[in-house]
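Chain IDs A, B, C and D follow the sequence of writing; residue 1 opens each chain.
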Amino acid sequence: MSLSDIADDASMVQLVAPDGSAVGDVDVGLGEEDLQALLRLMVRARRLDTECLALQRQGELTVYPPFEGQEAAQVGSAFALGPEDMVFPSFRELAAAITRGVDAVTYLEYHRGTWHGGPYDPVATGFAPICVPVATQIVHAVGWALGAKLDGRAACALAYFGDGSASEGDFHEAANLAGVFGVPAVLFCQNNAWAISVPLEEQAAAPIAARAAGYGFPGLRVDGNDVLAVYSVTRAAVERARTGDGPTLIEAMTYRVGPHSTADDATRYRTDEEVAAWRARDPIDRFVRFLSARGVADEGFVERCRGEADAWVDEVRAELTALGPPPSAELFDHAFSSPPATLARQREELLGDG
Amino acid sequence: MSLSDIADDASMVQLVAPDGSAVGDVDVGLGEEDLQALLRLMVRARRLDTECLALQRQGELTVYPPFEGQEAAQVGSAFALGPEDMVFPSFRELAAAITRGVDAVTYLEYHRGTWHGGPYDPVATGFAPICVPVATQIVHAVGWALGAKLDGRAACALAYFGDGSASEGDFHEAANLAGVFGVPAVLFCQNNAWAISVPLEEQAAAPIAARAAGYGFPGLRVDGNDVLAVYSVTRAAVERARTGDGPTLIEAMTYRVGPHSTADDATRYRTDEEVAAWRARDPIDRFVRFLSARGVADEGFVERCRGEADAWVDEVRAELTALGPPPSAELFDHAFSSPPATLARQREELLGDG
Amino acid sequence: MAEVTMVTALNRALRDALENDPRTLVFGQDVGALGGVFRVTEGLQRDFGRERVFNTPIAEAGIAGMCVGLAMAGWRPIAEMQFDGFSYPALDQVISHLAKYRTRTRGRVPMPVVIRIPSFGGIKGKEHHGESPETYYAHTAGLKVVVPADALDAYRLLRLSIEDPDPVIFLEPKSRYWPKTTGELTTDGPGIGRARSLRQGESCVLVGYGAMVAKCLEAADHLADDGVECAVIDLRSLVPLDVETIGGAVRDVGRAVVVHEAPLTLGMGAEIAARIMEEAFDNLQAPVARVTGPDVPYPPASLEAEYLPSVERIVEAVRRTVAY
Amino acid sequence: MAEVTMVTALNRALRDALENDPRTLVFGQDVGALGGVFRVTEGLQRDFGRERVFNTPIAEAGIAGMCVGLAMAGWRPIAEMQFDGFSYPALDQVISHLAKYRTRTRGRVPMPVVIRIPSFGGIKGKEHHGESPETYYAHTAGLKVVVPADALDAYRLLRLSIEDPDPVIFLEPKSRYWPKTTGELTTDGPGIGRARSLRQGESCVLVGYGAMVAKCLEAADHLADDGVECAVIDLRSLVPLDVETIGGAVRDVGRAVVVHEAPLTLGMGAEIAARIMEEAFDNLQAPVARVTGPDVPYPPASLEAEYLPSVERIVEAVRRTVAY
């Protein structure tokens, strides 16, 4: 899927053009403060992402998967959710996490290697553990959504996954189960054109959104670099879910501007031209142009956002780099609610304590 | 999916109506002999299926899955294949097997419990082993088709699977791989309305054929009890595959008139009325009406078919019931090309020989 | 003290759990109107409704994965995989998530999930219907694995598994579904993690589980006729393993034979033998013998008898061990 | 005699196989332009074309299942699963088909398939990137399972695996990918099914495989300083298992310690300990000790050192065993 294909995809929902001009009904029910909040979150996210790359280089984080370019897709969609909803992320959703209010330092324990994908409280934050085996989390989202439906709660599960993840059997089983049980779930695909080095055309022969028809629920494509469009389609899908009308599949067309991870060398499989073309569609620049044109955010406001983000990230860095490894005992503490005798003995042998 | 839904499904390909009258272009390129062959095969298949139920009751077969009602779907599709093609069946495709020329007695070794799903020669017969884990065989078909494509052979793989099987992740991975690699494969779903006791509406929220669009290749529904329609759509899909245009998904709407297997009690989950309504759409009666109306098969011919089938089935029964268990040595002979020392020792301990 | 089979006892356990705990759910392929292919869930949908007891599409990974999400939402899922051989498509969800979720979340998100799997051979089933999957589960850290040997213990173990805060893989020996017993259905008695000594004897200790327990007892009776007295231990719980009971018994007797249907290599017999060596080395008079299925795929019905451990093979192994 | 790493040796093995046998195919996630996340397939697509070396979508069951179909069509697939923890979605295709197909077809349809899996821990990877999956495969009858310990043997074992008529699960110890050795890349030497004795010693036999072999050798050096001489055996082939070599060595020495990263319960150590008891009971002076990962999920990077068998733990176990 080349950039031009996406640019001309008439069926793709877009409200704000790359130049910041409105091309659709931009009155998506958000007041000035919300609009400013969206920008503030994207700026923070971008700033944190940059910092994480630095922290990784400095040995403060293990392998890190940057999300630069996908801020609108993540912030716009997560912003459409309420505290009663539950997000089932993959491994690149740090921007969505901070939008949900997950503490950045705690989240980054995962990338620091001091704990696995669930260092924060998933239930309290409404943000499930970081999930590495791609597409498996979509099934969890459907199970959670079924549970919410059985409870009669007007709550919705939103699962993030990538274009490559959608090739897994678990994507299909989750989507089919969601359709059959009519659960309140949003299947949110961030199509960022690449799965590590595998381009979209080697991953799927049709749009991911086109699969929804086969499951009996709506599917649509949205400009993933248009935060307003992402917000509005997600908002509609969430409403639909909460009111009992069932699941929706959203394919957000975006791009991973950075490498797959700090261990990746993207120059091996894609051109600088391609990356440059996508930088020109930068989601933050676009939204800044849009907001300033409407007088919702002037230069000063953007500067303040950047300043706040810098200050915040400094705190995050300070707290994070102070984090030591967990006590060895934690190796044994969590596998079972109470350690069986055989495990207690292994613990004793290894740690020499009771 | 109720019968009426299917009856009114305008998008469903149908050439011959249940009353035997032509409702589409019935000139599908088959001469009289071929048309007679189709009927002869369906009659034989039906007769063999009935005999197998008897053999099972008499303890000559283990659990047996009858296919009554699905003769047209299996015979019509298998008849569209050539010797260069390869079928990847599930576990209910005995009618397709005899259409491919697989020896019935050898095939039935599987149901007799004297061997697993591959008692016949899969490569020589162009019929892969009986496959029990549902949907897994679709992936094998795609792999085989990729191999044929790499060889530059104008050959096609046809995978049979059921409506329930299509809920498995393997269906999706196979279909997506087929689309991405553009392999010569036909994904042939026999939608017989039930997966053991689970009705279609608890299995999927949309037609199975509607999924093809999400994989970038055509999908269509055909009246699975109309042997001419099944033949013609399959033939077209096979041609398409052989000429390098890629895969096709066919959903044949049919019905399992008998129980899921001889171990099943279908009265627990469906009504006699439903079964009766489908008996009225019997594929053999329909084709007999069609052929006699055109003077291709008169009473006498049909009688001869029945007579031949009886005689043939008597031979099958005689040979089958004479089959003893395989030598114990076969327990060890096939796991590896040459048994490792550790296994040879187990063989010695168990069989007392070298 | 009604007459029960393992099927009716399991049905009662599910029924009692559904009654006592409104958060329990029962689902899987054909568990609704049909009552499951083995009728273990018979009548449950009728009595508890389609919200608590429901069919699923044929999607084992989906079934296991939904258990994770449902547990997160505060439910206690009791899922059925239709057969041993069809539990494999769910292995990734079980290994990567069900077993790891509690650890991943530092104990914040427990997984009170039970996955029931009709298992093992001996019913002349087709390919994939006679698998012994216990090693795949027992080796996976974070799971508990139990196998009842009779109807009364099946009731007890299933109730305890459903109440357990950790994920439990519940393997049901199909070939023991139908024998009748009489007795009281109760959760009193040995819990998960405890083995049962079913017979005392000073010549040799027989260790088995599931359908092999009855064969061990039968072998013990044969041997007793010639004055060879065997102790028989029903493992019940493969994880956690009751090392104390096994080790103690072998320390007293000095000889042991382990029996299972699964292939020899890395079957439970390997772990039991290794533990016995660790626990009772100084008392061991003979190597621990393993009577198991050979290292080949489970055979077709007509070779099943050759494959499965027989009373004769167990008796022989005991004689060799005692004579060692 | 060029300088090689395990990565370059494996790359050479694939290259030589692709050159010598036109029926071989290499595929998996990112094996094309990227050359695999570990660069094992570097340059192969460029040199052998997109038909022989190609990327696949992210579908492990699909990859394994396609191997079955391709083998049936007369090809010799060499597939890569990107990491140990991501080989699990393919378990059903591997257990239900790859391992059983030959038996199912009475030997008519062999499965000359190699599935390469970068495996084991020690690289401070994220969750699911440090799994030791060997038990799942070694317990599955019909599969061969090999694990190279160094670059030269990696070349030999991979070439032999590709030529093998049976399906081979090829587990690559990631943590040993990068150490350099010099030596000739050749298929001469021990075949699949043979273990290697890397060191002689009459105090104790150390048995390991993969990355643990280097640790065993290091431990043996430490112990030698105090006059405790250990024999070291590199298993190489988990299935078939070289019972003769292991049994013979322990019969001579009377003491053994088995080392692996996988969790204790039903790890290879259980099978090795059981076999040693069967093979060398009369000569055994002490119980076979197992130095392994504990029965918990593989930990995050910062606890990896506590989890993995260390030279210290091996040394300790040997001392205990020798002093027994």
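In this text, a contact is a pair of C-beta atoms (placed from the backbone, for glycine too) under 8 Å apart; a residue touches a chain by one contact, two chains touch by 3 or more.
Everything numeric here is computed off the predicted structure, so don't read it as measured data.
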Going by the average position of its CA atoms, which chain sits the greatest distance from chain B? A
Comparison of A-C and B-C (more C-beta pairs in contact): A-C
Centroid distance [mean C-alpha coordinates] between chain D and chain C, Å: 30
Distance between chain B and chain C based on Cα centroids, please, to the nearest Å. 36
Approximately how many whole Å separate the CA-defined centres of chain B and chain D? 41
Multi-chain contacts only, two chains or more: what residues does chain D have there? 57, 59, 61-62, 85, 88-89, 92, 96, 100, 103-104, 127-128, 141-142, 239, 241, 265, 294-297
Residues of chain A that touch two or more other chains sit at 115-117, 133, 167-170, 173, 176, 180, 202-204, 330, 334-335, 342-343
Which of the residues in chain C come into contact with chain A in the complex? 25, 51, 56-57, 59, 61-62, 65-75, 77, 89, 92-93, 96-97, 100-110, 141-142, 144, 165-166, 193, 239-241, 243-244
Partner chain A, residues of chain D touching it in the complex: 29-30, 32-35, 37, 55, 57-62, 85-86, 88-89, 124-129, 264-265, 294-297, 299-303, 306-307
Where on chain C is chain D touching in the complex? 61, 85, 88-89, 91-92, 95-96, 99-100, 103-104, 127-128, 135-136, 138-139, 141-142, 239, 241, 262-263, 265-271, 273-274, 277-278, 281, 286-288, 290, 294-297
Would you mind writing out the residues of chain A in touch with chain B in their complex? 167-173, 176, 179-180, 182, 201-208, 210-217
Chain B to chain C touching residues, read off their complex: 62-63, 91, 110, 112-117, 132-135, 164-165, 167-170, 195-198, 202-204, 263, 268-269, 325-326, 328, 330-332, 334-335, 342-343, 346-347, 350-351
